[in-house]
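Note sheet for the following structure.
Should a chain be cited, it is by its letter among A, B, C and D, assigned in written order, with residues numbered from 1 in that chain.
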Amino acid sequence: MPESGQTCLKLKNLKVHYGSLEAVHDVSFDVPTEKIVSLLGANGSGKSTILKAVSGLMKLTRGEIWFQESRIDGRSPQDIILKGIAHVPERRALFPHMTVSDNLLMGAYSRKRATKKELEKDTEEVYQYFPVLREKRKSLAITLSGGLGEQLAIARALMAKPKLLLMDEPLQGIAPSVVRDIGKLINDLNRRGITILMVEHNISMSFELSDWIYILETGELAIQGAPEDLSQTEYVKQSYLGV
Amino acid sequence: MDEPSPKPILEIRNITKNFGGLTALNDVSFDLHPGEILGVIGPNGAGKTTLFDVITGRYRPSGGKVFHKGEDITGLKPHQIVQKGISRSFQLEVLFKNLSVFKHLVMSRHLHTQVGFWGSFFRTPGNRKEEEATEAEALELMRFVGLEVQGDRLGGNLSHGYQKSLGIAMALGPAPEILLLDEPLSALSPKRVTDILDLIRAIRDKGVTVMVIEHNMGALFRICDRVVVLSVGEKIAEGLPEEIKHNQRVIEAYLGGAVRA
Amino acid sequence: MKRRNLLGKKVGIAAVIVAFGLLPVFTQSPYWMHVFILMWIYIIVTASLRFTITMGEWSFAHVPLMGMGGYASALLAMKLGLSFWVALPLAVLITAFIAVFVYLPCLPTTGTFFFFASYAFGEVMRLCWVRFKNPFGGPAGLLFIPAPGPIRIPGIPAIEFGPLSKIPYYYTVFVFMLLSLLILYRLEQSRLGRIAEAVKESNLLAQFVGIRVWRYKMVILLIGSAFAAIGGSLYAHYTTLIMPVDFYWGLGIYIIIYTVVGGTRHFGGPIVGVFLFVLLRELLRPIVMYVPLVYGLILAGTLVFLPEGLISLPEKISAWAMKKKIAAA
Amino acid sequence: MTFAQFVQMFANGTMLGFQLSLFATGLTLVYGIMHIINFAHGELYMIGAFAVWFFFEELGINYLASLALAMAFVASLAITLERIFFKPMRGYHIPSFIMSTGLIFVLQVSIISFFGVKDKGVESVFPGLVKIAGVTLSVERLMIIPISLVVIVVFYVFLRWSRYGRAMRAVMQDPDGAALQGVSIDTVCSLAMGIGGAMAAAAGGLLAPIFVVNPFLGPPLAWEGFIVVCLGGRTSLPGTILAAFIMGYIKSFVSTLVDPIAALMCAAAILGVILIVRPQGLLGYEA
């Protein structure tokens, strides 16, 4: 259990099925407020499923999900994003044939009451953060490179003003030279007070970024710890670092 | 493996595959020697599965050739490749979801039933005998991969680990000389990993040449004789597991250049 | 237990066959004879459509190909003066030959694409009959298609087909139906049926266990077309007139509805479907205008509540009863 | 072919193009958002035509007001159908198609039981003829162009710049992504069905004074609309409109120069060829 601080997200005995296949067996863990937490594990170990369950895209078979003080399992994605959880899904799920600025406006969709002025202000703020996106605001999302696409996906999620950001493989399909930039970005967001729960295949980056790491294996929690401690364990050395 | 390698059973020569503007494989060449277990490793997006797809006829390569015992088999259809004795498993389990495990394996023996159409239409005695033989073979296959208890369950209802075993058994059905396994260890518990590794060894001991794609390097190094490393569509190294482990280029490609361990 | 069930099933099926075989003894009303003759023809067409569905693709060219059987057989009889007994097998061959050209372009496609591509090519073929007056007769179709020639069996008087009695037609169509069902059933139980199942479940995996998917798909489609052609030929020589509009997609939809409502997973499904709908129409004769409405509602209800068709109803009920029992205990 | 003939055919083709654009837009929306094939869309067109006939001829309401009323009525009917029948069919192409053919029966019979099978005529709203470039054309037919243009432009403005329009496009391009931004998929589905229904009704109402109104108008047009959708790219609205005009001109030119059956054959052949050769359609972007 990660020490210190309040709990932002709490999962209790989560069980999820894909059709008749059990994807998540029995998982409980906490995500402390304003930290970066990574979920690691091989393909099919249930990492993405957990994120989808949190954001409401998948129904639970059993278990509870608590966000801050309220129970959110069984709610629709619309309700959950209103609570302040944004999800940058696998392969980003951008709207490929919409412009960058339309994608950003979609990010603010859940804020029904926001006036046009507020939205413009927020868009401007996001553009300051991602200056390249401003240059490309009129181009279609499909024309963006991997790194820019990821920036757009994160920017879109920020438009919803989330307290918790779920990121599914933010570094996938990104040129090695840009990986560091995205890593820095994730760190920055965290420093601005956003809690981050991410799933990543790039082991070294997630060890570098995270405050706490959970490793899943076939739908169950195998091991957890702070990255410094974890990288010394036999288990991690054997299965991930290949030594 | 210091002795001069025997004549290769499969030669991959300058294979290139483009999808639209994307190059999935670029000028990849290597050999597969009879009786060995060859590991193909590389990070996500290295083109490993595409390589299998090219060898087994699912895709036609944009350039290069594949030779099987000296014969050019580039561009043959999947069923022709299977007839040549090269069969494969799939990474994300491709199964007959509504068929029982037993029926799966009977189906996989398809190529080896001699009965013609009329025999099976009129249920001749010869056909019945043939069918019994096929069923016996299917049972044996089931036992071999450790699925004998699961025989009546539907493919779609199996747990992930059993689906993996069934996938391998399906590939063994046509009695191949060369078996290509696509990430047989992904998402398995350490116990199951050991089981599957033992199974792969047992397959090799039966005289089948095995080529394995894997993401999990540590486990793979426990069984393979040689390793080929792909990264972003190119072969960056080839050699014994010990050499590969310490190859700087491999470590960089694989771990993103920031290993601390 | 299982064996006794099987025996019971066999006895039941035999009883049904005998009962319908003896039907003309009880009623010789031309009206009911007509209803049943058409019903047997629909069963041939529907069962053969289901046979093609076993490999996973839905053909929408099935009914036009049935029409092709009718046209081919009628033209052979009218232009070449061939007897029905010769024209029918020839028409089956011709239809299977033409089906190669209808289905060949569709084969690379699957699912929805196959469904509509097969419609498109079937429709082009059907429009040929409308457009080319010679020999197809244009929109008015073919009239005065000769009845089958008499059957002569030594020792009894020749069996004549004519407007006087429908009984010879009844038995001819009945026998054709039983034979077709028997052959289709045996085909499904044979290796071909098993291959069809594999192709349906996973096209990709089937290829990698060495099945020539395209070839088997084609073989299954051609067998389906051949049986559709038998249905078409019987229809043409029984009604003595056929028009292109008979084989419009409307009939195709009806056949598909029979299959879906009956249940595609089971051999008996389409038979149940045809029975239900044909008899329903007779029951609803006083309010004939509302028949399509009832059909539509039954279809919608089945699709929503019983996606595996009516034939799965007993299974569902017993499963439900079992659940109740367990809950009670 | 004389010049006058050409102009005549061109004008007819344009008119058909607008009719098909209005009609097929709804099919594309419903396909793109719900992944269903709704052949009962033709019935919405037919009911739209009947509604205009009823409001205009029977109740004596102003023509444009009748058109608006018909659009509102058909839109609510379409939303009801979506809620009851199509919700469980989302994502299932062939079952939804079969379901929609069942609805064709239901809707046709309902209309017949209210209004009978006889053809209904809607009297000419814009009588008269004009001479353009020496060719006589009826005002009636020409008036279709501005009215449908207005409907299409309003629809495009809605789709491009409104919150819900953006949400609709988003669901078409990535439903999960849209759900994660807080879009209610159910609302968008109903909206698509309603808008599609209204536009089909507009097409029916506009054509009512030119052709006759009867309960059997639906299915043939549904096929044409479906061909247009496949040709255009199934989820691409600009593609749909381009394809609608291509179909309109083919229909008009081939049926005049060859014969109407040949035009039908062309249409069916286009469907088959496009499904096989270029399944993503002219402007579609699916893989």
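The rule we apply is simple: contacts are C-beta pairs under 8 Å (C-beta built on N, C-alpha and C of every residue); 3 or more make two chains touch, one makes a residue touch a chain.
All values derive from a computational prediction rather than experimental measurement.
Considering the contact criterion stated above, no chain is in touch with chain A and with chain D alike. Comparing chain pairs A-B and C-D, the larger number of C-beta contacts belongs to C-D. Centroid analysis (C-alpha atoms only) places A farthest from chain C.
In whole angstrom, the spacing between the mean C-alpha positions of chain C and chain D is 34. Averaged C-alpha coordinates put the centre of chain B at 51 Å from the centre of chain D.
Between the Cα centres of chain A and chain C there is a gap of 54 Å. Judged by the touch criterion defined above, the protein chains form a single closed ring in which each chain touches exactly two others. Contact annotation for chain pairs lists A-B, A-D, B-C, C-D, with touch applied as defined.
For chain B in complex with chain A, the touching residues are 44-45, 156-157, 159-161, 183, 185-190, 192, 215-219, 221, 245, 254-261. On chain D, the positions that touch chain A within their shared complex are 163, 166-167, 169-170, 173-174, 176-184, 285. Partner chain C is touched in their complex by these residues of chain B: 56, 58, 77-79, 82-83, 87-88, 90, 94-99, 103, 106-108, 110-111, 113, 115, 117, 120-122, 170-171, 173-174. By the touch criterion given at the top, residues 58, 105-106, 108-109, 111-113, 115-117, 119-121, 123-124, 127-128, 130-131, 249-250, 253, 256-257, 260, 289-290, 292-293, 295-297, 299-300, 303-304, 307 of chain C touch chain D in their complex. Residue ranges on chain D touching chain C, taken from their complex, read 37, 85, 88-89, 93-95, 97-99, 101-106, 108-110, 112-113, 219, 223, 226, 230, 259, 261-262, 264-265, 268-269, 271-273, 275-276, 279.
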